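Please find the structures below.
Two complexes are shown next, each including chain A; its partner changes from chain B in the first to chain C in the second.
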Partner chain A sequence: MKKLFEDMLDRLSRVPGVRGAMIVDAQAGVPIVEEMAEGVAGGAVAAMAASLVKRSAKAATTAKFGELRAIQLEAAAGHLIIASHRDVVAVAVTRVDAQLGLVRVEMRNVLEALKR
Partner chain B sequence: MRKSAAPAELQRWSEEVAHDPGAPSFVPLADAYRRQGNRDAAVRVCLRGLERNPGNVEAHLLLARLYLENGDRERAHDEWGFALRLDADNFEAHRGVGFVHLDRGDFGIARRHLDRAAAARPDDPAVQEALLVLTDRLRGATAQSQAPAEGNARGQGQGRLASTVAALDPVKLFDPLRRETPFLGAVILDAHGLVLAGALSRDATGTDAEALGAILSGAIEEAARTADLLDLGAWRGIMLETEHAQLHITVLPDQFMVLLAADPGAPAGWVVRAAQRATELSRSFLQGGA
Partner chain C sequence: MRRADLDQVVAALRQPIETFVGETRVRIALLINRSGQVLGQYGFTRKYEVVNVASLAASASAAATALAELTGSQRWTHLHHGGATRQLFIAPIQTPSEEIILVAIFDDDSSVGLVQLFFDRFGEKLASLEAFRDAAPTSDQSNFEQDLEAGLEHVFLPDQ
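Moving on to the complex of A and B:
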C-alpha cells in the first residue's frame, strides 16, 4: 500500500509548480508518505490538513451539502489543494503560478486510486 | 468601508436615544440595527429620531435605504426628496431619485438627477451605467417602430438597468450573476455572521445563508491557520467542493465575507471567476453605502 501511495505522490510532486505533497492519515493527522520542500514541517501540515478536512466535512454535512470532496485554499503566495476519501487525505502545496488544472487532475487520479 | 458597531458603542447609543430619541446617536443606532438585520427596529428609531430632528440628512438617507431594502421604492423616493430639500447637492439622494425616475420612465427628471449625481462623483460606476441606460431608453423612445436591432439595444439597456438597480437593492446585488447557469446565489456576511446583501436559493442550497456562515466559520479559521503555517501569505479565498454544491468564500476587510454557491458540476475556473466578480460587486456595495 505504501508503494502505491509513494507512486501517487511522485506523480503529484512532478506537476510544475508543486512545492510539496503528502498523503495523510485523516484520523491520526499524521503523514503516511510525504515529499515536502525543505523547512516545511510535514507533521504540522498533516495535522492541520486533517483538521481542516474534518471541520469542513462536518460543515458540509451539517449544511446538507453531502460528502466533502476537495478543498482549495487560495493565498497570496500559493495554493493548498486537498482531496479526501474516507480516512485518507491527499495534500498538495503549490506556488502561485502552478498549473492548478494539472494538480487537480493528479489529485483526482489519487482519489480514484484510493477508491479502488 | 463600514465597520460593525462594538457592543459598548451600541449600549451607549441605546442609552442616549432612550433618554432623547432625537439625539445624534439615533442614526448610528438605527444603522447598527439595520446591519444586524433588524430593519423594523431601525425604521422605528429613524422615524422617532426624525420627529425630533427632522433636519438630519443622514437619517433621511438611512431611512430611504431601509425603505428600499423593504421593497418600498416610493417611500425611499420621498426620503431622498426630503434629503435634497436639506442638502441640494447630496450625491446619494440625487442618485436614488434618478434611479427611481429612470425605472418609472420619467427620463427628463431622471436625467436631471443623474447629471447632478455624476457632477458630484464623476467616477461612480452605477451612475455612469444609469446614464448609459438612459441614453438607450431615450433612443428607443424616439424610434419605437424601428428594426429589431433597436429592440436588441433596448434589451441590452434593460440588462444594464437591472444591474444598476441591483447596485442599490442589497437583495439583488448579485443578480447580474444569476444569468449564468451554475450560480446558486451569493451573500455578504458581516463579522457577526448576518447577511448584509445578496441571497442564496434555499431550495438549491438546502440551508439559509446565515446558518451556512455560522457552520463554515470553523473551517474558515482552520484554513487561515493552515495558510499561515505553510507560509502561503495572506489567504484570499477557499473553495469547498461537496457532493451537492461548490462553495467559495472570500474574506474582505473588516471581517466581511462573500459566500458564493454554485452547482457541483461547475468548472473550478468559473467558480473562481464568479467569486472574483461577486467580490468586486461586494466591495463596490460596501464602499458605496448603497
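Moving on to the complex of A and C:
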C-alpha cells in the first residue's frame, strides 16, 4: 500500500509548480507519505487539510451536495488542492503559477487509484 | 504547588487553555502537575470526574516516564489513545518551575495531528508564563492532600 501511495506522490510532485504532495490519514490528521519542498511544514499542512476536509464534508452534506470530492484553496502565493476518499486525503501544495489543470488530473488519478 | 501560588497560576492558565481549546476543538482540556494537582481545566462539569482523570493521567504520565527510561527512549513527547468515539492525548510540558501535564479529550471534530500541531505552541506559551517563573514546585508530603484539594477549589466555582 505504501508503495502505491509513494508512486502517486511521485507523479503528483513531478507536475510543474507543485511544491509538495502528501497522502494523509483523514482521521488522525497525520501524513502517511509525503514529499514536501524545504520550508513547507508537512505535519501542519496534514493536520489542517484533514480538518478542512472534515468541516467541508459536513458543509457539503448539510447543503445536500453529496460526497465531498475535492477542495481548491487559492491564496496570494499558491494553491492547496485537496482530494479525499474515505479515510485518505491527498494534498498538493503548489506555486501560484502551477499548471492547475494538470494537478487536478493527477489528483483525480490518485482518487481513482484509492477507490480501486 | 502551594495554595498561595495557585491563584496566580490558575488565573494565568485560563486564557491559554481557552485559546488551545478553540484552536484544536478538543472537548476537554485539563492541566495537572506530576502529583495530580489540578491547575486548570476546560469542559469538565463535575469535580469527581476531574479528580479521577487527574489521578489516572498523573499515573499514566509516571508510567510513561518510567517506560521511556527503561527502553532508552529518554523523554516522551505524548501519549495518544484512540477510542471508538473519543480520543485521549496526554503530554508533558516543561516549565521553569516544574513539569506539568496536559490531558486533552476530543472526538471527530479534532484529530491527533491538529492537537499535536497546536500543543507545541501551547507548551511554549505556558513555559513563558510569569506565574511559572515564580511558583514554588510541587507540594511536600505533609501538605500533599491539602494542596490537591486546593487545586480543585481554584478551578471550579463554589456551586459546581
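Assume the second predicted complex is superposed on the first by the 116 of 116 C-alpha atoms of A that agree within 3 Å, B and C clash if a C-alpha of one lies under 4 Å from a C-alpha of the other, contacts with A are read in each partner's own complex, and residues count from 1 in each chain.
Convention: a contact is a pair of C-beta atoms (placed from the backbone, for glycine too) under 8 Å apart; a residue touches a chain by one contact, two chains touch by 3 or more.
Quick caveat: nothing in here was measured; it's all calculated off a predicted structure.
Bringing the complexes onto one copy of chain A puts chain B beside chain C with no clash.
Touch criterion met: A:L80 reaches chain B, while chain C stays clear of it. Legend: residue contacts after superposition of the two complexes on their common chain; A:S13 is shown touching neither chain B nor chain C. In the superposed model, A:V93 makes contact with chain B only, not with chain C.
By the touch criterion stated above, A:N109 is placed in contact with neither chain B nor chain C.
When the two structures are aligned on the shared chain, A:A44 is found in touch with chain B and with chain C. Legend: residue contacts after superposition of the two complexes on their common chain; A:A28 is shown touching chain C, with no touch to chain B. In the composite built from the two structures, the nearest CA pair linking chain B and chain C is 10 Å apart.
Once both structures are placed on chain A, chain A residues 44, 48, 51 are touched by chain B and, in the other complex, by chain C. Across the interface of their complex, chain B is touched by residues 40-41, 44-45, 48-49, 51-52, 55-56, 58-60, 62-80, 93, 100-101, 104 of chain A.
Across the interface of their complex, chain C is touched by residues 24-25, 27-30, 43-44, 46-48, 50-51, 54 of chain A. On chain C, the positions that touch chain A within their shared complex are 25, 82, 108-114, 116-117.
By the touch rule above, chain B contacts chain A in their complex via residues 205-207, 211-212, 215-216, 218-219, 222-223, 225-227, 229-245, 247, 268-269, 272.
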